[in-house]
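Note that chain A is present in both complexes that follow, paired respectively with chain B and with chain C.
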Partner chain A sequence: MNMEKRKKIKSISYAKWGYIFLIPFFAMYVLTYFIPLISTIYYSFFENYMSGLKQIGPNFVALENYKSILFDSDLPKYAYNTMYIWILGFIPQITISMLLAIWFTSIRLNLKFTGFFKTVIYMPNLIMAAAFAMLFWALFSDIGPINNLLVLLGFEPYRFLSEINGNRGLIALMNFLMWFGNTTILLMAGIMGIDSSIFEAAQIDGASSWQTFWHVTLPSIKPILVYVLLTSLIGGIQMFDVPQILTDGNGGPDRTSMTMIMFLNKHLYSKNYGMAGALSVILFIVTAILSFTIYNNLTEKDVYSKHRGHKMKGGKNEK
Partner chain B sequence: MKNKINKILCYFVLIVLSLMCVFSFCLLIINSTRAHSQIQKGFSFALGSFFGTNLKNVLSNGELPVVKGIINSLTVSSLSAALAAYFSVLTAFAIHSYEFRFKRAAFTFIMMIMMIPSQVTALGFVRWMAKLGLMDSLIPLFLPSVASPIVFYFMLSYMQSNLPKAVIEAARMDGAGEFRIFNQIVIPVMKPAIAVQAIFTFVAAWNNYFIPSLIIRSAEKKTLPILVAQLRSADYLKFDMGQVYMLVFLAIIPIIIVYILLSKYIVRGVAVGSVKE
Partner chain C sequence: MKKFKRFVAITLIFVMTLSLIACSSPTTEEPKQPEEPAEETPAPEVDEAEGKEGKVLNIWGWNDEFQGLFNNYFAGKGLVPEGVEVKFTIVPNRDNAYQNALDEALLNQENAPDDEKIDLFLVEADYALKYVDTDYTLDIIKDVGLTPDDISGQYKYTQEIVTDSKGAIKGTSWQATPGLFAYRRSIAKDVLGTDDPDAVQEALSTWEKFNEVAEKAHAKGYKMLSGFDDSYRTFSNNVSAPWVDENNTIIIDDNIVKWIEQTKEFTDKGYNNKTSLWDDQWAADQGPAGKVFGFFYSTWGINFTLLGNALETPLPEGVSATGDPEAYRAATEGNGIFGDYAVCYGPQNYYWGGSWLCAAAGSDNIELVREIMRVMTCDKETLTTITKDTQDFTNNIEAMEALAADDTFASAFLGGQNHIKLFVGSAKGIDMSNISPYDQGMNEGIQTAFRDYFNGTVDYDTALNNFYTAVIEKYPELKRPE
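Presenting the complex of A and B:
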């Protein structure tokens, strides 16, 4: 009793250090994220742009900017482009990553050189997206090496950068290459976290590989799948560097590869602060909802793992 | 037998995927060694002998301050990495080792803002920096790293399994102050996590294009991604493709070399932040 009391007094006396050590983070957060967020919201309610050399506004217009960006601009088209390209890259990303994660963790397969393969497939994730896009632009141009190789192999040359599917396909391919290694590693960690006795039980019950995957692996890694899906979706909404550099900011033929952030970037450059503000706030709300879902997903998992913590630790000790 | 066929199939798919990942970089390395006229003539897998010439040309290009760009990128990335690592450990230490009233609230708040992208506040950020007189300066490119929620979350996860509270208690018994405990006990314990997160932050800052392109105006402050974009919008018919490949080479290959040297630690660090044991 006495000990406990003393501990309590001690921890209270140290509490101020908790606050002191949090000051740099929160001060910098307010300075570089919170004030900008509030002023972005503020700008979104004002008409404020350059018409030629003449400055229009700032005049308070309430929700006018939101109305015009949602109903009178090409935003729906760019939202469609962004989602189209994201899905085009994400479907192969999640499929291949799932397959690789299962192979790498399979005891039955017992693959060699997995460390090497993981190192290679993760590498594109660290590449500067702008430089990667520049490289693809040079490689896939009409007279670039890829078309040289196509002709050499007896195919017709393809004008990747002048075709809608060529542009979207290249952007999706780059997104796929940059992210499937990362996703593989996350899914592997998820699969390795599953209690191995469940797999043994499934094996004893005579479950096939497919049944094991469908009824044991998939439900067990659902939180990580949700995490991968949502973070990738937020990443998709942020898509900018690759299409911006590949299409030089024009969005390819008829702006079919123009993404939402490229549109935002255009408004920022032309100093149309009202429209940029409204678009930012819309994107903020969407990403905030997605972030909140991730937060719930992560903390749910925490409770779950705490709940099972003892069991899992026990299992490890036995080995 | 069936297992063997499966295995061969797996290796085949893995090799194809690995080749897809390295193919474009192989072409990059090959073309960076060839002169503009050779590149225009058509592709060949043979290495050229113009690597030095291309390098010299791109480094002395009057319109493209590449040397300055490399120095600026190194400055911003190193400072970002140092600030993010040090202050994230400090923030994690506050949450991990002290009991105070708003601890839970602070943690929840950081977790909730973790995934919100910086693009959506870019407008306010740029105009606010203009008001503070920080436009066309490198400071807004690295200072925000002090508040890095993802790095914080990684540090906290690592701390929970590697920093026993008894160690801190013992140091207090010996009369060490809280700052001294942090700098002389916590930081050394956290070294492996600091190394991994410093690398990730360095790479992210090195590759960052959106915000820098809105802040930086003058040629001598430009970072590498801005120079890459500038090269892309130049009239490429007039451009020396040898230099194009060389600039991309300079932006990509140093990171790949560092990655090859440290890949073991990096690959291990990927999963820790998001997937807890």
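Presenting the complex of A and C:
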């Protein structure tokens, strides 16, 4: 009897439609992600490239590609470049975004036209990175408008694109400009998800703005912060289009703006799938490890805020 | 609302599928329909072959230069047999895109349907051997059927560049691109007291003298050269061995080292303007505001690039010296520094650039390919006409020598100098037997790597190390010297 009842309930289940609707996603996923992923790993064990029009390989070389990337190449240097540029861009990005998010959501300030400002700061993200890089390349060239302006104001012209700091600084600046709007919106969603009675309670208890921020806002938006940090870090590791265009693929002076993905791209000139595959696998592992460590470090210590983070409903108070 | 949602969903799916399809299709440019000639007089050889020849002639290139010439001097004369469609596929050079596309098409040549097989494609000197030294190109004498007599009028070096390791000639060009030193008359007068090409040549005939003039120019507030790479080709074309030896080891020739030393000296002493080829400062240096003594430039560079850069206001669309001489004179006279340049040989013979025609193995239009090669690259009359029309230097010794001796032939841009005369002199001395399939990567690589050294960012050894790293990334089979 009991069994029968359960069967009946099952027979009107709509679960199969769920699976059917998921099929396109999984088909696309297998086709465009999973198969390439497996074949990348597979090819990383082979010597396989084009010498002119001649195909060399594929010859099985076991871990030879990994060895030459880890021990014979300048990968550590490119990893350092990538992280350096990412941090250079991320610090102003998170600071400014936090500041803006707090201002925009502050009941005390009650800013007007926040919709307008939100749109404006998000704008740079809508421009194609390549176009943005081309624009900067033209603006900061040796005889570009910025240098003309410097000379006009009585400064020495600065050859941005021939200097290590100039190049790295410009890339970081572009990354910052493109992403701080996005981060601001995310942080705002986080802050607005906090119950306003907590802020009121803090106010009644006589907490200063700084204390409110440090003891109320920050712990409450930790999950969002982790998310921002993680996505930005992964984006940073994958940094490619901006430096590629700005330095014409050469990585600036002395290859100091060569990021890891640009290094990967270099191997595709000779269709060197073996080396490129090995490098991709290494990057994959590094990204995975970094993500796990950060996620664990930042989320598991404080069960209370994690719990609240999950309950948080972003944008509830948004007009 | 439901309907609207469904409509949006369907539209999105449609757009996404479309973009997927669009991404996978190759960029084939429909050819400009060659103007139908009034009277059809196809060459007799082509007539005979009709029937077994393919109906579509596929030509691949990276710009429309050859397409223009082909339309004017081959198709325009009615030499394309009736019923044959000529299809140009143009893939721009940037980021190696042309070679990538060409490689893919050639590797797939055997499986492609006859009408999609490449029949003719263009290559540049720096990577010509990559294609020439394979079975994907045809011997223009044995396979294509040109006679040694046909190509006897061409400059020898243009054949050396496309000769494979077994000695077969695998390509042919309509142009020769000897290089000269183009200098500013006004600056030469100020620095040397004369702008007479012979006297200036005398003052620049060796590198020692060249350096002396650079010092004098510097003292007067001028730069001798614009950038780091300006003199590069004069050194790299006179190397004593190819870039790579038989053991796949990279060799840095003494002449390349000389270029590095000279450029470093010029940079440190302020004799150049720290530019790189093609950047905007480099172009500006060639214009009215420029303070640079001169530029190493070959045929196309002088008549197209330098001329364009020298003008204050660009030439109006469609105005050319042959099309409308009056409008041309009006547009150029007193415009920027038009007429202020002159040319001399400079310290060493060299060439720069040029395009070669290669016949692709598997072509089903051999007869037509031969005819195109014969008319466009061997026929004295056609080549003379091209030079007269475009001022470009073409690949026929006799024709060029005739124009060199012609006192009425002069370039207004060069202040009335007959540049062909100097090109003829320069072209004779070019020796390109030391070309290698890696030249493109090597030339680009060394210029990029040593830019940091010239700028003072890195020392010599670091720059050299960066050069090796960059080229071995491109050509994994190569090795550093021990």
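Throughout what follows, the second predicted complex is superposed on the first by the 267 of 319 C-alpha atoms of A that agree within 3 Å, B and C clash if a C-alpha of one lies under 4 Å from a C-alpha of the other, contacts with A are read in each partner's own complex, and residues count from 1 in each chain.
One rule holds in what follows: a residue touches a chain if its C-beta (ideal position, glycine included) is under 8 Å from a C-beta of that chain, and two chains touch if they have at least 3 such contacts.
Please read all numbers here as calculations on a predicted model, not as lab measurements.
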item: Dominant contact partner of chain A by residue count, chain C or chain B; value: B
item: Which superposed partner A:L150 touches (first chain B, second chain C, both, neither); value: neither
item: Partner chain(s) touched by A:M128 [first = chain B, second = chain C, both, neither]; value: first
item: Touching partner for A:L63 - first (chain B), second (chain C), both, neither; value: neither
item: Touched partner set for A:L290, first chain B, second chain C, both or neither; value: first
item: Contacts of A:L53 with chain B and chain C, given as first, second, both or neither; value: second
item: Touching partner for A:L218 - first (chain B), second (chain C), both, neither; value: neither
item: First, second, both or neither for A:G249, with chain B first and chain C second; value: both
item: Residues of chain A that lie at the interface with chain B and also at the interface with chain C; value: 143-144, 249
item: Parts of chain C lying in touch with chain A, wherever the complex brings them together; value: 95-96, 103, 106-107, 130-131, 133-134, 136, 274-275, 279-281, 284, 437, 448, 451-452, 455, 457-458, 462, 466, 469-470, 473-477
item: Residue ranges of chain B touching chain A (in the complex, touch as defined); value: 3, 6-7, 10-11, 13-14, 17-18, 20-22, 24, 27-28, 31, 40, 42-43, 87-88, 90-91, 93-95, 97-103, 106, 108, 110-128, 140, 143-144, 146-147, 152, 178, 182, 203, 206-207, 209-210, 214, 224-225, 228-229, 231-233, 241, 244-245, 247-248, 251-252, 255-256, 259-260, 263-264, 266-267, 270-271, 274-277
item: Contact footprint of chain C on chain A as seen in their complex; value: 49-54, 56, 74, 141-144, 159, 162-164, 249-250, 253-255, 266-267, 269-270, 272, 275
item: Contact set on chain A toward chain B in their complex; value: 11-12, 14-22, 24-26, 28-29, 32-33, 35-43, 96, 99-100, 103, 108-109, 111, 115, 117-124, 126-132, 134-139, 143-145, 148-149, 177, 180-182, 185-186, 188-190, 193, 224, 227, 230-231, 234, 237-238, 240-241, 244-245, 248-249, 261, 264-265, 268, 273, 276-277, 280-281, 283-284, 287-288, 290-292, 294-295, 298-299, 301-302, 305, 312
